[in-house]
Each structure stands twice: as structure tokens, then as C-alpha cells.
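Take a look at the structures below.
Across the two complexes that follow, subunit A remains constant while its partner is subunit B and subsequently subunit C.
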Partner chain A sequence: MRRTRIAWWIIFVIGALYFFVPLVATFEFSLGHPWGPGGVQPSFDYYATVLSSPDFWGSLGYSFVIGIITIVVSISLLLPTAYWVRLKVPRARPVVEFITLLPFVIPPIILVFGLLQTFSRPPLPLTNTDFGSSVLLIAAYTVLSFPYMYRAIDTGLQATDIRSLTEAAQSLGAGWTRILVVVILPNVRVAILSGAFLTLAIVIGEFTIASFLARPAFGPYLSLLGNNAAYEPAAVTIISFGLTWLAMIMIAFIGRGGRTRVAVTGAR
Partner chain B sequence: MTEAAVTRSGQDAPRARPGRRFSWAWIGLLPFFVFSISFLIIPTFYLVIGSFQTTTGETTLQNYADLSDPQIVEAFRASIEISLITAVIGGIFGFLLAYAVIRGGLPGPLGAALMTFSGVASNFAGVPLALAFTFTLGRLGMLTIFLKSIGFDLNDTDFTIYSKLGLEIAYLYFQFPLMVLIMAPAIAGLKAEWREASENMGASTYQYWRYIALPILMPSLLGTMILLFGNAFGAQATAYQLTGELNIVTLLVSRQISGDVLNNVNLGYAVAMGMIAVMGVTILGYIWLQRRAARWQR
Partner chain C sequence: MSFLTLTGVQKHFPGGVVAVEDFDLDAVRGEFVSFLGPSGCGKTTTLRMIAGFEKPTGGTITVDGKDITYRPPNQRNVGMVFQSYALFPNMSVADNIGFGLKVRKRPKSDIDRRVGELVELMHLEGRADRFPWQLSGGQQQRVALARALAIEPQVLLLDEPLSALDAKIRIVLRKEIRSIQRQLGITTVYVTHDQEEALSLSDRVVVMSEGHIEQIGTPSEIYNFPSTAFVASFVGTLNLVNAGVIDAASGRLSIDGQEVRTSKVITDAGGDGRVTLAVRPEGISLGEGDSGSNRVHGSVEDINFLGSIVRIRIRLGDEVAGRPPTVVALDTFNEPHLALPAVGESVTISFPPEACFVLGAARDNATASAEVGAEV
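Now for the complex of A and B:
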């Protein structure tokens, strides 16, 4: 028993090292590589450079706004759909579930390939304008959010007696929009919020789709910086890690005791 | 709103009617279908149709025959190899790690910490991940320098982080945490009674694993590894940032989108179809195993 416990400890330590060594290395680099051959003094200058750069704030702000819009679009599309499927058209469930799982099968690189082919020409040449491209970006991210967002919402609805709630609200004279926003939404807010933070984490780090749509997003910004500068990219990587961390903490905080949401085949 | 039209026909209490004829309630799903068809189905079909056409628009199967081009075959082979290796290694290691903190007798807080780390690491991917590994194992990376100081110079070996092996090391950073997250509930679901019962009947640890625990866990173990496979197969950003020109299928498609490197747009569509086919088989395998796994998770 003791010997196997030592084996489990060894595995844990290897895992911990795998997790922390790249982070420590990145942090060390972000301080100007003090352990490197140059032997410079560690300094936070590169963080200062990055944090005073308009490109950093511009791209982070852009991705953040895109993320928020994506969340709103995704929820306003999927909540009524999941609700309606449960309440009125259970026969549509296989079709809807199939569509929401399709983004698993179609990787982001293929999705953006198809979007570029479809929307770079009439009748809807969205890629011709910045606004159109941003619309396309939001649409693509919304599609990427389908698998985990739909499941989160649907599981939330399952745990709620939506039929009784709907009847009660109707008898008090509420319309459909009001029922969804005031009655149903609060009942699935935990599921929705964790899905929302997951979306935010994914959108802010996403590179593939944003770069092919030529959007001034955070992923392409960091990629370009990584090719052109030495230590600033390390600082931004640490900041990006911190943002991911923050989103995950929020999810853990909201969903205390709930199931962990996992996004597979996202923006990798 | 479209729902308003439905209210009138629905009258009082809404109830699902199992009618055989077309139900007007389907109209409530219109926004979802219009969105999905516009931004998911049509773009995909554009690639599907294009893959069956020549550059002049005639129907052909030649694009699929042309997938046998050595460069394309090698791209698929390399992608499948990388995905397989990282799925198996990440899967086994992730499983052991999850088991270590849940059933291995390690202090409880370590388990909670591992789950949080795994949540972060599994989402820390793409460009920042590639950069982090450059800073670790690149020419001037911290680990490279450390290894050199103890007498092992990576720069003297064939290894670089910008290679296929380097990419696999980077992919493992999100692969095994994903395994931990998905396997943890399954491991926690192994009932203590099963172990006690087997011990009462004189089973050894080996027999418990061979005849009880592994058969129960196997479907979710394999299923999750299949997900990891798909996860690595579709990854583009990490590979682009780390290796640039490596010949794997996501980067081949990238180069095709930016510059028609295959000199045949329609062949590019066929490559995309090939990727979708691989992912489709992956997901079908996953769904099949998931059904088997569900039996034990009640």
C-alpha cells in the first residue's frame, strides 16, 4: 500500500511539473530572461511596455466585446430553442441536438474555410467590410459555442418544471418573451453563466478564425507579437494565462458542486 | 416574434401534441434553423459541392482521387500520428493522475487543486501555449538552459520544440488535463462495495482491475481518448505558432486558404472533406462508446 502511494505521488509530481514548468519559464522570460546567457536584472519593464501599448488594449477590447456579443447571441438563440423543443416539439430534439453537435465534426479551420468561400461573394459578401467580417466572426464563435452551451441550457431546463412555470406565467398574462426572460432564464442562470465564461475564455484566446477573417483580435495580435518581439510576448502570454484562470475561477465559483463543463475541439 | 403566431393555435396550456401531421410549433425553431443553415450548413455544403467539381464547374470524382498526392497523404498521416500519440499518452497519464488524487490516498486539497489546474490548462491552448513552450524548450528556453547546466545540451541533439515531437509535447499540455476532467467523475463512480466484494471473495488487486474496474471504465476511457484524438486532429493555432510550416492537415488547409498551395481550389475542398470524414468517424466512435459507458453511470 505504501509503495503504491509513493507511485501515485510520483505521478502527481510529474503532472505538477508539466503544468508549472512552462509557466515559470514564460514568467522568467517576461522578466527579460534574467537566467539567460545575458545575465540581466529581472524587471517588469516588459509588462509596462505591453500595458501601455494601444495594440494590446485595442485587440483585448475587441475580443472582449466580440465575446460578450457572442454570449448574448448564443443564449438568445439557444435558450428559446431548447425551451421550445422541451415544451412543444420534442420530436425536433434529434435534429437540434445533431446540429448543435456538428461543430465537433467541423473543426474551426474548416468552418472558416467554408465561411470565407460562402460570404466572400454575392448574395452576401460580408467579408468585404470590417463590419461584415466582425458579424461573420461572431456567427462563427456562436456556432463554436453550440455544443457546450446547448447542453448546459438543456440540462438546466431538465431540472426545472418549465411546463408548470409556463402555465403559471401564462395564467398571469405573461407573453412568450416575458416568460423566457423573467421566468425561465433565472432558473437556468447557473448553467448559462458557466457557459458564458467558457465562451469568453475561448473567444479571447481564439486565433484560427479571427486571423483568417483578418480581425484585429487578441489571438492574432499575440501571434504577430510572438514573431516580432522577444520578451513582450511572454508578458502577454502570462496575462492571457491569468485571464483564462480568472474565467475558470468564475465558473468554479458559480457552479459550486455542479458538474464541470468541458469544451472539446475548441480553439486549439 | 415568431412565437406569437403559435400562441393562438396553442390556446391555453401548452402541451406537446404527438400529432402525425406537420405541427406549426416547429416555426418557433425557425431562428435557430435559419442561423445554423446560414453559418454552418451552407458553408459546409459549399465545400462538399466544390469537392465534387472541377475548377470549371463540371462534376467529377477526380479531386478525391487526387487526395493520393504524396504531400496530402503525408499531411493526413502526420496529423493522425500526432493525434493518436497525444491521445494515448495524454489519456493514460491523465487517467493515472485523476486516479492518484481520487483513489490514490493523496491529500484531499490536491484533488481540488488538480481539477482547477486542469480546467485552466485544458483551455490554455493555441498561440499562448505555443509561445510558452518556446520559452521553455526553445533554443534559449529555461529548461534548455537548465539541462545544459547539468551537462545535457538539447541544442546538440536533433530535438527542437518546433518539430513534430515538440508539437506533441505542447499538445499534451491540454490533452491530459482534459482527460483528468472527463475521467474524474467515472473514477469517483467506482463503488467501494465492488472492491470490498471482490476482496471478500479473495480477489487480488490485479484481478479486481482485470475483471471489474477496467471493464467498467474501459468504454469511458476509450471514449475520452477518442475525444482527445479529435481534439488534436482539428487543432490549428498551436501548430501554426509553434512550427509554422509543418506538414499536417490543418496547416495544409491553412496554406491552401491563404495561397492555393495545391494549385487547385477544388482539391482543397476535398482535403477539407477528408478532415470532416476523419472527425465524423471519431465522433461516431465516441457516441457508440458513450452509450456503453452510460450503463454503469446510473
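Now for the complex of A and C:
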């Protein structure tokens, strides 16, 4: 018993080190290097430089907005799909699951080349404008979010008696849109939030697609900064890490805004 | 004047599965009809077709003269109460009850007033702001009933609403459902596999088996005059006795060499001239009974006190050539001064010919005898 507990603690410590050592190292590097006699004094100068840079805020803001839009599009697309599949065509579930897993198989570089080939010429030359390119970026990110968002929504639906809730709402006169928005969505909100977190994290750090579509996103900015400066990229990494967490907490706070509890039906 | 009418309603699922076959029902306005039957008999499927959740593959369903057979469920004005309550977990009690009225875009003042009325009717005072998970099972089902009634539906459908509740609450809610149904005069269809529920609640009971109707009748008709072997064996408890036919025209039979009579002509004896005779335990009395009663002799095998009644099992004969002896049970009301025979004592029991139902050709005698214990 005691041995097992020690083993668990060892695993926990190794896991914690695995996550936190790179973070601490990055933080340490972001304060200037090397420290001590003959070196430099640790300072937050690089943070100040980064935070005063309009490019940093511009790219982070752009990625955040694109991330929020991607989340909305992804939910709008996948919630009705997962709901309909569970309710009406459960036999199609493996097919839909396979389709949503494709982004794991198809690399982003293939995806972006496909988009460029298709949408850089008539009849839909979307890459000709910034707005069109941003639309393509959102479309690509929506596809990238499929595996995370679909699984999160599907798990939420599985934990909810959607059939009874749907039928109860129907018998009370509700149509499909109202059922989905007023009855189903609030009951899978927690599951959707977890999908939204992952989507936001992916969008904030994504480089390949944003770079090929020449979008002023955070990933390409970070890469460019890494090519031209030594310590600022480390500072940006720490700042973006903190801001991403802050954004997630905000989403969670907004999303959990009501007194809700998931799927409690049946006898108590 | 018929209010809810089902005519030749059928439901065939892909793969040749027949869930419901030629279902005909006429329910008058304000009637309480129960669908009673074992699992898989098609009672819930029929209810779901009335609600619009299943499309019939044949027949028509009308409410107040309007054909609703293929109308979407949200355009039927039919209230439904589910076994699992199906309350919206994200909404308070008041919001659940008022949901249907919001959908109908009623003014907020009307919704508040109606919700208040139903909260009071369902004894949910002080719980309007709670969420479903903060309520007991009985309270949740009250909310579900209130929610279904809020929209003033033309027909109220209840799909085994009490089966997830414990026995005491079930009985209390059963009475309340009946009382509210009478008070509001709402046409109600109630699905259950619990015969006590069906018999105690309903104006009429539809007994179903394997997708078709076995019998439609008042609870008294169903219990006292079952029209098929299935109804006789499914509703109430029953002695099943293997009997030989002496004279089919006059209804004379022999049980282990003792002659009894039925009030009907026997038309369905097996090739061996034997039938299964059914007698309810409460139809049999200790003693000689009235003149004209069937009288048979036997010995007391055991006596069971079941609270308000005492069940006495009587052995009518001896085991012959491997065939188990015929045993019947009789029920008598328990009272402090009840004189009971001793186990092993010889007794005479009696039952009127009208209390006997012939349920077709006899099954194997050993099986029939064994079922006496199992059925009663």
C-alpha cells in the first residue's frame, strides 16, 4: 500500500517536471541569460519590449478573434450533426467519427495547399482579399477542430437523455431549432466548453496554415520573432501561455453562467 | 361521441417485426384508458404513435374528428409524461412547467398565473425555483405532469409514469393522477404493465399481447369476464387446472375424478379430450357453498397469511403415474376469529360454475399443476 503510494507520487512528480521544467526554463531564459557574475541581471525588459509591441497585440488579437469565430462555426456545424446522428441515424456514427478524425491523418500543409489550389482562382478567388483569406483560415481551423469538438459534443450528448428531452420538448410544441438551442445546448455546455478550450489552444499556436495564407496570426508572429530575437520569443511564449489560460477561464466563466447540472433524469 | 379514435393502426418495423397490428380504439372525451400488457406487447409503440413519435405503417388516428396520423408531434397538442420524467435539467420547476406556454408565445403574466395554478395543484409550493436534480423522484414526476397539463392538451399520454418510483409514492401519485384527470376532464391514455394500476385507474382497459388487442373492457369486465386465455392468465392470479371433458355441451368436466361444471359450452378441448380450467382464488370458498355450486374434496396442503387475505392451498388428488397432484389455492379475508382448517385436514371447497373459465386445450398435466403454485 505504502509502496503503491510512493510509486504514484514518483509518477506525479515526473509528470509535473515534464510539464513545468520547460516552462520554468523558458521563463528563466526570458529574463535574460546568463545570470550571475559576468552575466546579466534578471529583468523583465524583454516582457516590456514585447508588451509595447503593436505586432504582438495585433497578432494575438487576430488569432483570438479567429479562434472564437472558429469555435462558434465548429459548434454550429457539429452540435446539430452529432445530435442528429445520435437521435436519428445512430448507424452513421462510425462514418461521422471517421470523417472527424481525418485532420489527424491529413497534415495541415496538405489542407492549406488544397485550399490555395481551390480558392485562389475563379469562381471563388477568396485569397485575393484579406477577408477571403481569413474566411479560409477559419474554415481550415474549423476542420482542425473536428476531432476535439465532435468528441466533446458526442460525449456530452451520450451523458444526456437527448431522446426523452427532445420528445418532451416536441410534445410541448417546440420545433427543432428551439429544442437544439434551448434544451440540448445548455445540457451539453460543459462538454462543448472542453472542445472550445482545445480549439482555442490549437488556433492560438497554429503556424502552418496561417503562414501559407499570409495571415497576421500569432503563430507566424512568434516564428518571425524567433528568427530575429533571442529572448523576446521566450517572453512571448510565457505571455501567450498566460493569456490563453486567461481566455479559457473567461470562456468557462461566461459558459457556466447559470446554475446547471448535466443530465439528471430518472429516479433518485 | 368518440374523441380519440384509432382505426386499424399498424406499426411494422423494417425486418418484418410487427409491433402493432390492427389496433382499433374509440375513447370518449374525458375517458381514462389504460394499455396493459407485458413488455414488447406494443402498448408503448401505440402510445408513441398517438404522440407522433412513431409513424404508423397503416390506419388512422383522429382527435376530435381531426386526422393527426402524420402530423408532427409538436403540432398535435398532446401532452406526454415519460417514465424517466424527461425534465429539462437546465430549467427550474417553474421554467419546466411554463416551457410549453413560452413556445406558444403566451404573455408572461399568463404563464406566471398558469404555472402558479399548477404548482398549487401538484402540491409543489415553495419548489418553483428549484432545479429537477434538487427534487425527489415523486416531485419530479409531479413537475412532469404539471408541464404536460400546462398546455391544456386535448389528450394526455402517460408512459409508465410511476414505474421508477417506490411503492408508497406510486400509490399516492396514482390517486392524484386520477383525481386531477377527473377534475380537468382530460382524455387520458395510460401505459402500464402493472395490472393493479390499470384496474384501479381506468374507465377502460385495453389488454394487449404481441402487438394486438386481446380485450377492451371496464376493469370489472377484464377481471371477471376475460375473453381470452391470455387476459385470464395475465390479469389477476389464477389457478390453472388440467381437467377432462365429460360432456362439452353441458360444460361438465372432471378434475382428478371429481365432477365440476362450467356455465359455458366447451368448444376448444384438445384431441385427448382435456382442457385447462382456470378459477380465481377468490372465486373458491371453503365449505359446501350455495346449491348449484361445484363441490370438490381435498386436503389442506399449506396456509399462507398475506395480510388482509389468507391463501389456503388444497390438494385435490394424489400423484398418479408420475402426474403431480392437482393443487388449487383459495383466498379468504383475514379476520381475528377466522376458523382455519389444519394442514392435512380433509375439506370440501366450492365455486360457482360462472367462476370457471376454460382456457382451451390442456397443456401437459405436470406443467399445469406446477403453475398453480407459480401463478397464484
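Everything below uses one rule, namely that the second predicted complex is superposed on the first by the 211 of 268 C-alpha atoms of A that agree within 3 Å, B and C clash if a C-alpha of one lies under 4 Å from a C-alpha of the other, contacts with A are read in each partner's own complex, and residues count from 1 in each chain.
In this section, contacts are C-beta pairs under 8 Å (C-beta built on N, C-alpha and C of every residue); 3 or more make two chains touch, one makes a residue touch a chain.
Source: prediction; values computed, not measured.
In the superposition on chain A, A:F64 makes contact with neither subunit B nor subunit C. Looking at the shared chain after the overlay, A:V96 reaches subunit B, while subunit C stays out of its contact range. Touch counts on subunit A: comparing subunit C and subunit B, the chain ahead is B.
Legend: residue contacts after superposition of the two complexes on their common chain; A:Y18 is shown touching subunit B, with no touch to subunit C. Touch criterion met: A:V183 reaches subunit C, while subunit B stays clear of it. Using the contact criterion defined above for the overlaid structures, shared-chain residue A:D161 touches subunit C, although it does not reach subunit B. Applying the stated contact rule after C-alpha superposition, one finds that A:Q170 touches each of subunit B and subunit C.
Shared interface residues of subunit A, touching subunit B in one complex and subunit C in the other, are 167, 170, 175, 259-260, 262-268.
Listing the residues of subunit B that touch subunit A in their complex gives 1, 3-4, 6-7, 10, 12-16, 18, 23, 25-26, 28-29, 31-33, 35-36, 38-44, 46-47, 50, 93, 96-97, 99-101, 104-106, 110, 114-117, 119-128, 130-136, 140-143, 145, 172-174, 176-178, 181-182, 184-185, 227, 230-238, 240-241, 250, 253-254, 257-258, 268, 272, 275-276, 279-280, 283.
Within the complex, the subunit A residues that touch subunit B are 1, 4-5, 8-9, 11-12, 14-15, 18-19, 21-26, 28-29, 33, 35-37, 77-78, 80-81, 84-85, 87-92, 96, 99, 101-119, 136, 139-140, 142-143, 146, 163, 166-167, 170, 175-177, 198, 201-202, 205-208, 212, 219, 222-223, 226, 233-234, 236-237, 240-241, 244-245, 247-249, 251-252, 259-260, 262-268. Only residues 160-161, 164-165, 167-175, 178, 183, 186-187, 258-268 of subunit A touch subunit C when the two sit together in their complex.
For subunit C in complex with subunit A, the residues that touch the partner chain are 51-53, 72-80, 82, 84-90, 99-100, 103-104, 131-133, 135-137, 140, 144, 147-148, 151, 157, 164-165.
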